[in-house]
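Take a look at this one; I'll ask things after.
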């Protein structure tokens, strides 16, 4: 892995030159304003060495990437009881999530789809006194970076337009799988999604998933068994209806967000984050997917 | 139709003697308190003669029967433009209503399922200055009975527990087929459902569907073409997943509610209402269904 | 009903002049060859008087209209035990018939969708020694017309291309709701669909549904209760995903076929058949639907 | 990995002692006859060393495990054009496979569900002169074992009772995604499933997936990129509705069959096969799943 920096530089140059950059998500008004030409990549290797290129220090809305972090916190607090509330299977087609929820009595297929993350939010509200503050503290601690913060404009923007999330939360509640009021649960959920972080910050928080549950400062947040569980879920369910494609092309567990960010990791080896706001038709960052495919091909490493 | 009164008396006697009366709806706490032994029936014939037996004067929560009335009012105000917002086809299976909504882009299958009635509520809010007052006035005018009123306890009870309705409304809103805030639309919807009326009052308001759109005082609320439309919708979609069964056994257009009420009518001939709070496994009044089957069999009249 | 002949003549003239005639079904190669300009209409009134116009004497493939006739024969033979094998509820969306079959354990929603008619075919094979001959004899007897026959070219054409029907039949068989081999059942089913009849012949066979189960020669094939059942099923389920629309616009029980034929009837009054090969986007005859709407409007009669 | 033999011996002893062994598949009559007390395990490491315990040399019906082998052969012959005919995404719920097929126009979600393997069978029939012979030859070559054979009793048993497979094949054909007659395609498919192999034989054929596409004799059947693709598909879709659970508990790509066999592999390290005929409620071998979980835990190796 000597030439990591060169590889990141080349990937960034190619991404910046690419003319078809996908479409910026517009269903959250605040996100629609982001500059499509941004591209950043950061990598933290097993020795804690950081490599970065492009706009790796610029913050963006991590959106669904936060689902892995709320899951981690809830799993750490509740242990395996968590799986009574949410399943761990891939969700298949994205178009009928509510239909699946109906047929499976309000138990979401996995914690990385919206319905699942909403249940996780409900779990955290039960476990924590000040859930929004406590979750932010959790992320700041892992990264050792107190500057990480919610983007309240983005959270408010989703609160006004996230009708499908309100629909999902109410449906789950009708099956008694939500213990707190819908408004309260979604307020937490939207805040978690609104976390504003850079690629550099993301690799610092996801480092623990490639390092048996321990952050850079060697504090253990989850045990190796729990890390294995979360990595398995990321691999089978981290990329909406493109999980199989990503598993093949990149061959790493990971998670994407509609803000254009992607994180991925090779257990025991490294953790990587990319950012490019343009999405492909499946809702994953177009150039981010390409960048990660190039990275694993050029490094010659994947889990397969 | 000379022996109508005898037929109603016999039906009532048989119903009171029946030992298996079905299960009272318990998902709305207020409704669960109703006495299962109640049974009432009322009939208004083509000459405006009223026949009644049992607890025909006692008021109960009309619930989904109100959907026909909000539909009538909206159809009268908006005309055929209404069908851009809601379809007129039977909905098939009840278990996947949200799924159907998803696949049909937020256009409910018909105005007599919850999703459809929620869209109708939204239409009325657009058309009326004080929708709750105006709708109540509409029902009072048709029946010429100013004592008809909402049961605000029932409305409040639903407001607290009607999560599936919140889910449906938010899903519809995510497809831009709801123009007002979900809370406002459901507040109207729950109030309409909470109307408290007796069998006697119900036949007075539904009389117009058997009388070419005119109430007993001969005021025309809908034209004959509009009445035909609504009667057709009641026949194909008025009884949840038992519409086909009812069409056969009773052979009349009609509508039931989980409060245990059913109204039905033979165009040009009569309008009938029954009330018995116990429901069968499809959610329709058990003894009410039987009573109407007996009535059409003994009178020897149906649309088929 | 004095001016019936005039009304039929006018409707025919208007239909012949119409420039947008819909699309001829092409999934059965034999049907694709039919001349789009054909239009016929026939009506048999309560007194047995026949009125006809246009190509009312020309034979065409009655296709799904045959489902009402196999249902009648099976219902006559088996009585209410039939409903253990097939339900009587409208089927909602047409796109997911197989999905509904899966979720309802191989019990088709009603006998007028393909899956239901396949089960009916299986029932007839159990009840009859030579089912194809016996069914043909049944139709010839009701109409008193021994010239009625299967079109074996059409049957063979479907046998080669009807893969969705093979899929449905096998799925039903996997739930043990088919007692004979798939090939045998579909051979009967495709033959029944291939019946070649004119509008004039169709009104003679459907006359019994408007005449309490008795044919023109006064032989009773079904009792009034059974007729009521079948008419109710036609009304709620006779027109694919346009049943609600037809119930409103025409207001009569009826059944259409992809060959372009439609039959409909007003109990106690008349029976009517139309033929125009061009279909609308829902799979029903475009001009046939219009003709029947005009007819009931101009006559001023419907069940509503 | 010194103590491999000890680990396998212990696992076998524990499995033999286990009192709850799951239920033997009974939908294929031939399979129902198998002795539930059988348990075998075999492992082939990166150096080609074979370890085995229990009934590792006894042959059983590999059933769906064959899907990986037909996929490999088809992928080798057709390359990436294969993905025009079948997708690579996890399939979510198993109960509505036909429904998913309908909604995705006859393109199966992945090649390891029945519908997908049926399409793969169709591809092989197009590519090979004598497909059944050629496929058998392919498996014999990879393993260097000419004794491997189809169990024609099992194939015939499925041919008589596999109605859901006939349903799926016909549905796919209705979407023009099957180029040969259903009977011919399923004849091949049922034969492939009927392959009779022991754990020892299975690790010899699956060795190539852990060895960059090369068999023990160093012949390359697929390139490393193709192997990565197939391993990724096994990981996300190899265990019906328990793929997520297996990914976590075992953490290896693999495939199970209703005959009670499971194969799994760690790329670059080893390949393992287990056999225990009793299935859990998801259709995977109960003791096989446990054995593999123990193995990876005790060895301390997984992809995560």
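Note that the chains are named A, B, C and D in the order they appear, and that numbering of residues resets to 1 at the start of each chain.
By definition in this document, a contact is a pair of C-beta atoms (placed from the backbone, for glycine too) under 8 Å apart; a residue touches a chain by one contact, two chains touch by 3 or more.
Remember, it's a predicted structure, so these values are computed and weren't measured experimentally.
Tell me which has more C-beta contacts between its two chains, B-C or A-B.
When A-B is set beside B-C, the one with more contacts is B-C.
From the mean C-alpha coordinate of subunit A to that of subunit B, what's the distance rounded to whole Å?
Roughly 47 Å separates the two chain centres.
Give, as an integer number of Å, the spacing between the C-alpha centres of subunit C and subunit B.
For subunit B versus subunit C, the centre distance works out to 32 Å.
Touching two or more other chains, which residues of subunit A qualify?
In subunit A, the residues touching two or more other chains are 95, 103.
Mind listing each pair of touching chains for me?
A-B, A-D, B-C, C-D
Looking at the complex, which residues from subunit B come into contact with subunit C?
Counting only subunit B, the residues touching subunit C are 87-93, 95, 100, 103-104, 109-110, 227-229, 231-233, 235-237, 241-245, 247-248, 251, 253, 267, 302-304.
Quick check: in the complex, which residue numbers of subunit C touch subunit D?
Interface residues on the subunit C side: 95-96, 98-99, 102-103, 163-164, 166-171, 173-174, 182.
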